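Chain nomenclature is as follows: A, B and C, assigned in order of appearance, with residue numbering initiated at 1 for each chain independently.
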């Protein structure tokens, strides 16, 4: 069972897509008889990635962003791939360090997220973008 | 096929859960006719994560821990999310850099781990904790 | 549905295995009636890992390699696990920061890779190696 999600993001940062993913899962559950199984998210990009993280306190999200921006700064003289702008090579490196695919069990018709867990799309470019995430739900 | 694992950890560090996972897989295999498929582990926390790593030489495990502790130290002035203690924000960052979900093929009724591979739960807090890992086995 | 891939690599670096994976997927699709599902790759090693990244411009690949080599250098005095050579402990750390398993949706009989995405095996040792990757395809 495949479902396509489009996520429109205004620019760089962690964007909470938990509600959008839950709605897509609910739609799959109502269309099929899959109540227990596995939901896999896959992002079709190399400058945006996926993350499961705390979604309660916004300061945790802000610190993840500032920590990773410091580890992978723009204008690092090590970069030779600079033709697509100063935020492009850092975006690829940040994708390398985070996830392109994520799997979350489906239990009793809902995602088995922990109490404090949310699903985030991490946009690594400064520009606004429309990102494609493919959701697979299997038994 | 969903199976819940509870992992009790005494504190920060890599905890080998290979045997516990293998026992859970054996239980699923004996309850079903799934001998070949995919086993996915999912941890329901944002301050503990999952890792496949060498489980032969304890010095490799110790070096992974000390390297990551140096990369993500406590009391970094960049942190604003400090209300839950000095080990909380580093824990979230360490989870970001490691895995929340892992999938391992099931072949002939057993996990297809490589010769030197073990499955670890990485506790990033100092306190003892009871962590929940959900295992999904599909065809 | 399990398929074994052997990847022979000449030494350290990102090796594009997209074509090899696509051929294996095509073989599974022609042997079964699975046209939509999920393809999971699992590498049975702790000193080589998997990555989805841009496969268009070779400079992006080179920068990923040089950035990670700088973050995780050889001969770091923090290492105690040195018996297997100076590139061994860095290899384990690089695996920790990248992926041991990756899942890519299968849509209409083909891998749903994004336009610029390729699948890479990242060899972290200097020596040539024969690496085993297990592919699972499920509905």
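We adopt the following convention: a contact is a pair of C-beta atoms (placed from the backbone, for glycine too) under 8 Å apart; a residue touches a chain by one contact, two chains touch by 3 or more.
The structure presented is a predicted model; accordingly, all values stated were derived computationally and were not measured.
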Proportion of interface numbers common to chain B and chain C (over half same, under half different): different
Turn needed to bring chain A onto chain B - CA fit, degrees, nearest 5: 120
Centre-of-Cα separation between chain C and chain B, whole angstrom: 20
In chain A, residues with contacts to at least two other chains: 97, 99, 103, 138-139
Contact set on chain B toward chain C in their complex: 36-38, 51-54, 57, 59-60, 62-64, 66-68, 70, 97-99, 102-105, 107, 112-117, 138-139
Partner chain A, residues of chain B touching it in the complex: 1-2, 40, 42-46, 72, 76, 78-81, 83, 89, 92-93, 95-97, 99-101, 103, 132, 134, 136, 138-139
